[in-house]
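Scrolling down, you'll hit the structures one after another.
After this come two complexes, each holding chain A, first together with chain B and then together with chain C.
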Partner chain A sequence: MSLELTDLSKSFKEDKVLDGVSLHVPEGKTLVLFGPSGAGKTVLLRLIAGVIEPDNGQIKISGVDVDGVEPEDRNIGMAFQNFALFPHMDAHANIAAPLTAQRQDKSAIQSGVQTLAKLLKIDHVLGHKPKELSNGQKQRTALARALAGKPKILLLDDPLRNVDAKLRFEMRLELPRLLSDQNATVIYVTQDYKEAMAFGDEIAVINDGIVQQIGIPEQIYLTPANVDIARLFGDPVINFLDVRLQKDAAGVFALISAKRVDLDASYSHAVGKDCTLGIRPESVLFVSQDHESAVPVTVEAETPLNEKTVNLCLTARGREIMASRPSGTDGPENGPAFVTIEAANALIFDKETGALIEPYKTTAKGKVA
Partner chain B sequence: MQTTSTLESVLRGIAITAIILFFMFPILWIFLMSFQTNETILRVPPSLFFEPTLTNYRSLISGRLEGSTATLEIRFMSNLYNSLFLSVTSVTVGLILGVPAAYAFARLKFRGSEDIAFTLLSFRFAPPLLVLLPLTIYFQQIGLADTYGGLIWVYQLIVLPLILWIVRGYFEDIPADIEYAYRIAGHGFGATFRKIALPLAGPGIAAAGLLAFIFAWNNFIFALVLASADKQPVTVGALAFITASGINYGQIAAGIMLSIAPTFALALYAQRYLVEGLSLGAVKG
Partner chain C sequence: MSDVMLDLDAVDKFYGRIDEGVHAVRRVSMKVMRGEIIALLGSSGCGKTSTLRMVAGFEAVSRGKISIGGREIHTLPPVQRNVAMAFEGYSLYPTVTVRDNIAFALKSSAHSAADVAAKVEEIAAMLEISAILDKYPSSISGGQQQRASLARALIRDADLYLLDEPMGQLEPQLRTLLRGRIKAYIKERGLTAILVTHDQTEANALADRIAVMEDGELQQFASPEDIKKSPANLFTGTFVGEPPMNVFPARATISDTTVSFQLRGDVELSYAADAFSSALRARLIQMGEVVLGVRPYAVQRRETGSPATVVANQWLGDQSHIAATFAGGSLVLVEHHRTQLVEDQKIAVHLEPSDIHIFYPETGMAISHGARLVG
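Moving on, here comes the complex of A and B:
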C-alpha cells in the first residue's frame, strides 16, 4: 500500500508542530524521516496512525483518504520510541495484541507469536512482563508487536534510540532484511544519520515542522539543501568557514588564512557574496610542506572514532577545523601543520539564508539552467 | 553493610512504639470497654483488669438494650445493615458513573471539560446542611425522602467527586502511547478502555473506592435528615445509645467495634492495592 501525505499541518495551542508536510511513499519502500528532536517526526507518525487529527491536510493510504478512519481500522503497525508495551501483559500477550484484534484462533495466535519471537530471539522470555525484560528485549517485543498483524504500513519511531550500542549495531544489520521480508511500506524515524543512510530508500529531512529536503541518501549527504542538514548529516560534523568568494583571472577562489582555495568556476555567480564554506572532515588533508594553497593550522587534539581518526585543528584566526582520516594511517603531531582542502567536495551556502548555493550548470545549448 | 548504629535502632524502636501507642490507644481502650459493664468502665481509678463479659455484644445483636431501670428496643443490627447496604450501593453506583467519566475527563479534551470536572468537585465545598434544607423539600415532593434510592442519590455528592478526581489522576498517569499502541494494534476505543486503561488504573480505582466507602460509611448528616428510623445507618442509629436513663458506655464501645469492623477489614484487604497504586509509576516507559 502506498502512503501519500498532502499539506499536513498540526498545531498544539500556539505551537505549530507541522507546517504543510507533503510526502509520498510508494508501496514496499522505506522512507526515513530524519531530523533533530522536536522537529515534528513523532507527531507526523501519530497523524498517520490516526491517534491525533491533523488541523488540515490529507492522508491517503492506497489512494483512499483516511480522514475519520479510526486507528484500529487503518491496518498500521507502529513501534514506539518508548516501546509503549502493555505493562500488565506478558511479552506473549503484547505481541499477540494485533492478532487477538483480528480474532484469529488460539493456535494461529500461538504460532504467529512463536515465529516472530524466534526470528527476533525473544522466544525464551515470552512469559515475562515488560518490567522483567531488558531494554533490548523490550525493543524487540515492541517490534514484534508492530509486525505481528502483518500491517501493510509500518511506522517505526526511532526504535533503536533507547537500546545499547551493541544491540543497535546488530539491529542496524538485521532490520533492513526484516523490513524487506515484510514487504510493507515503512516510515522509519531516526535522529541518527547512519541509520538514515542504511535504511532509507529515500530520506525526508524534517526540521521545525517543515520538510526541508527529500532525496536518496547519497543526494542528502552530497548536496544538503542547507547548513542545518549538512550539520546533521555526517560524523564528525562538517566544518563551516565564513568566506567571501573572489574571482581573478585564474578562477573563483576563497581565502582561508590568506591562502587560496580554488573553487569551481561554476560558482562565479556567487562571487562577492558572504558565504559559508562547508568542508567535510575527510576533505581536509594534511600535507607535509607549505605551498600556495596549504593552510597553516595548529593541531590541537586527536580523537579515534572507530574506523576514523579525527584531528581538531585551529587556523591562524582561531577557527576550528576538523580533519578525519582512516584510522591507522599516519597523522600529524600536535602543533603546527598544513592542510589542503579538496575543493571539489566543498559545499557553499549562502551565509544569510543558510541555503545551498548550487553551481551553475551549463546546458548543451550553452545557457545556464 | 551496617548503616544504623545500635543506639539509632533502639531510638527508632522507641519512637515507633510511641506512635503506635498514641494512635492505637483509643481503639484499644474502646475494644476493652466493649467487654465491660458500665460499672467497671466508670470505676475510679480505671483498671486494665476486669471480668470480660459479652453482654454488650449480646444485647446489640438481639436488639434489646438493658438499661438500669428499663429495657429499650434498639435497631443496631438493622442500622448496621443499612450502613453496609447504603455504602456498598453508593460506591458501586459511584464507580459505575465515576470511572468512565474520569476517563473521559482524563483523555478526551472536550469543550468545558475542566469546568464540568471542577463543578463536580465544588459539590464538596458546599456545607451539607445548606444543601439539605432545599433538598429535603424537593425529596418530599418527588417522593424520594426516606427511600434508599434517595439516600444513595444524595450519597453521590460525597462519593462521585472523590472517585472522579482520584481516578482521573490515575488515568492521566497512564502514558497515552500505551493506549495508542492498543488502538493501532486494531482494538477499538471501548476495548482499550476495558483491557488497558481499567487494569492499569486498577489500584487507583480500588483506592478511590475504599476512600469513598469510608466517607459514605461515616456520613451522618444526610442520613440524619433524610432517613427515618428503618433506613438509618449506624452513625445515626448510635444516637439511640444516649437514653433517658444515662449513657451505656459498654454498648457504645461494642457498637463502635462492630461498626468499624467492615471498614477496617476492607482497609486491611485493600492495603495491597494502595501500595500497588503508589508504585504505578514503575510501569512507565
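Moving on, here comes the complex of A and C:
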C-alpha cells in the first residue's frame, strides 16, 4: 500500500505546527522523517494514524482518501513514544494482541512473538508487566506489537530513542531488513542521522512544520539544502567558515587565513557574494609543510570518536575547525600545524539565507516525484 | 602521589542495610589526579551515579573512604567538600535570571564585579546561552537550563567538578559542538572533573581516563586509547566501541610452526607461529577453548581469506557499516569509504594477529591483545 500526503496543515490555537506538507511513500518503502524536536514530526504521524484531523489537505492510502475513516479501520501499525501498552497484560500478551485479534492459531502466535522478541532482545522479559520494564524495553515491546500484525503501513516514532549504543547499532542493522521482508510501507521518525541514513529509502527533513528537503540519504548528506540540514547530518558537526568568493585568472577561490582554496569554476555565479563555506571534518586534511593552500592552525585537542580520531584546531583568528580521520592513522601533535581543505567536497551556502548555492552544472535537484 | 585530587578507597554502597540491601557499588577504588577529567561510564543501574553522589555527599558511604586533596571528606556535608556540581534536578534559583544564577556562584569569592560579569559572558558564549542570560529559569527550555546549571558549576572555584549527564538534555548536534569546548575550558584552567555518562562517545571525547562500571564493579579504569587497545575483559571490550567488537568462540591449536583457531562453521584462522609471542603460545597450549575479539575497523577484506556473506551494508555519509554472517555468527566491518557490497554477496576477510584480542571463555578476562600476553 502506498501513502500519499498532499498539502497537510495543522494548527493548535495560534501555533501552526504543520504548514503544507506533501509526501509520497511508495509501497514497501521507508520514508524517514528527520528533524529537531518540535519540528512537527509526531503531529504528522498522528494525522496519518487518524488520531487527530488535519485543518487542511488530504491523506490517501493506496490512492483512497481516508478522510472520515476511523483509526482502527486504516490498517496502520503504530509504535509511538507514549503509545501505552496494556498495563494488565505481560509483554508477551501485549505483543500477541494483534495476532490474537487476527484469530491466528496458538503455535503461530507463539512463534511470531518469540521471533520478534528475540530480534528486539526482549525475549527475557516477556513475562514482565509493563511497569516492570525499563523505558527502552517498553519501547521495544510497543515496536514488537506494531510489527506483529504485519500491517501494510507502519508509523514508528523514534522507537530506539532510549536504547543504549550497542543495541541501537544491532537494531540499525536488523530492523530495515525486517521491514523490507514484511513489504511494509513505513514512516520512521528519528533524530539520529545515522539511523536516518540506514533506514530511509528516502529522508524528509522537516523543520518548523515545513518539509525543507526530500531525497535519498546520500543526497541529503552530500548536498544538504541549507546550513541547518548540513549541521544535522554528520558527527562531528560540519565546519562553517565565512568566506567571500573571488575570481582571478586561475579561477574561482576563497581565502581562509589568507590561504587560497580553489573552487570549481561552476561557482563563478556566486563570485563577490558573502558565503558560508561548509567543509566536513573528514575533508580537512593535515599536511606536513606550508604551501599556498595550507592553512596554518593550532591543534588544540585530540579526541577519539567511535571509529575516528578528531582534532580541534584554531585558525590564527580563533575560528574553530574540526578535522577527523580513521582510527589508527597518523595525526598531528598538539601545537602548530597546517591543514588543507578538499575543495571538491566543500559546500557553499548563501550567508544571508543559509541556502545551498549549487554549482551551475548540477542538474536534477533534491525533489523526488 | 601528592597530586591525587580524589581518592576512593574500597568504597561500598548498599541501599538498605549493609551486607543485606542492594549492593549498588562494590569495593570501588580509584585515584584521580589533579587536572584530570574522568568519565564514569556504564549502562543504567551500573553504579556510576551512586558513586558520584557519594563523592558529592548526596549519598552516605556504606563502607570505605573518600578523600579530596588528601582530606577525608566522606562524613562531611556537601557544602564542606569544596566541590562544584551540575546534577540533574540540582536546579537553578527560580527567582533570579540565568545571569545572576551563574554569577552567584562567584560572588562570595574575591572577584570584582567587572571580572564576574566578564567571566559570565565568556562561559555563556562557550555554552551558547548568551541570548538567554537575562531570562528566568522557568522561561527557558530544559536544554538551556542544563547548560545554565553547567555554567554555574564550571565558573566556580572548587577542588573538584562533578557533572552528572551534563549534556543529557541537549540535541545531538549541540552536544558534539560543546564537547570540544568544555574539554578545552577545563584543560585550560587545570580543573579536575568527574563526569557521569552512558554515552561512550561523550566519555571518549571528554575524558583523560574512563572508569567503566557494570554491576557496581569497576571493570576498567584507563585512557580511552587503552580501553580501545587493551580492554580488560569481554564486558569492556564489547561495551565500549561503536560498532561493538566482534567476538567468536574458538579452539586454539598450537604447533611449532603455526597458531590456528577453529571457529564455528568450519572457519579456521591460521597464522605463522612467530606472529604470536612465545609466552602467549605457551598459554594457549594450556587453554584450548578461548574467545576471540576483533574491532570492526580491523576486519580486512581481501581477495582470499575466510568466507563471509554480506547481510547488510549501510552507508552513513563518511563510513560504511557492513554486517556479514561469519563463522556461524555475525561479523561487522567498518570501512571509511563507500562500498558497493550488496546482500548475499560473498566476501573474504582477514584478521591480523596484531588486531586480535583473546579472552578466557569462563571469566571473560583478557589473555592477550595484539598477539602479546596481558601484563
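Quick notes
The criterion applied here is as follows: the second predicted complex is superposed on the first by the 329 of 369 C-alpha atoms of A that agree within 3 Å, B and C clash if a C-alpha of one lies under 4 Å from a C-alpha of the other, contacts with A are read in each partner's own complex, and residues count from 1 in each chain.
We take it that a residue touches a chain if its C-beta (ideal position, glycine included) is under 8 Å from a C-beta of that chain, and two chains touch if they have at least 3 such contacts.
Bear in mind that the values here come from a model prediction, so they are computed numbers and not experimental data.
Overlaying the two complexes via chain A leaves chain B and chain C side by side, clear of any clash.
Within the superposed three-chain model, A:Phe286 lies out of touch with both chain B and chain C [touch as defined at top]. When the shared chain is aligned, chain B comes close enough to touch A:Gln102, but chain C does not. By the document's definition of touching, of the two partners only chain B reaches A:Arg46; chain C does not. Between chain B and chain C, an angle of 80 degrees opens at the CA centre of chain A in the superposed model, to the nearest 10.
Counting the residues of chain A that each partner touches, chain B and chain C differ, and the larger count belongs to C.
Of the two partner chains, chain C is the only one touched by A:Asp164; chain B is not. Using the contact criterion defined above for the overlaid structures, shared-chain residue A:His88 touches chain B, although it does not reach chain C.
Of the two partner chains placed around the shared chain by superposition, neither chain B nor chain C is touched by A:Phe240. Of the two partner chains placed by superposition, only chain B is touched by A:Phe80; chain C is not. Contacts of A:Pro71 after superposition: chain B is touched, whereas chain C is not reached.
Of all Cα pairs spanning chain B and chain C in the superposition, the closest are 5 Å apart.
Of all residues in chain C, those touching chain A in their complex are 43-44, 171-173, 176-177, 179-180, 183-184, 187, 198-201, 204-206, 224-225, 228, 238-239, 241-244, 296-298, 311-312, 314-319, 321, 323, 332, 334, 336.
Residues of chain A touching chain B in their complex: 46, 49-51, 70-72, 74, 76-78, 80, 82-88, 97-98, 100-102, 130-131, 145, 149.
Interface residues of chain B facing chain A in the complex, by the touch rule stated above, are 175-178, 180-189, 191, 196, 199-200, 282-283, 285.
The residues of chain A lying in touch with chain C in their complex are 36-37, 134, 164-166, 169, 172-174, 176-177, 191-194, 197-198, 217-218, 221-222, 231-237, 280, 282, 300-301, 303-308, 310, 312, 320, 322, 324, 326-328.
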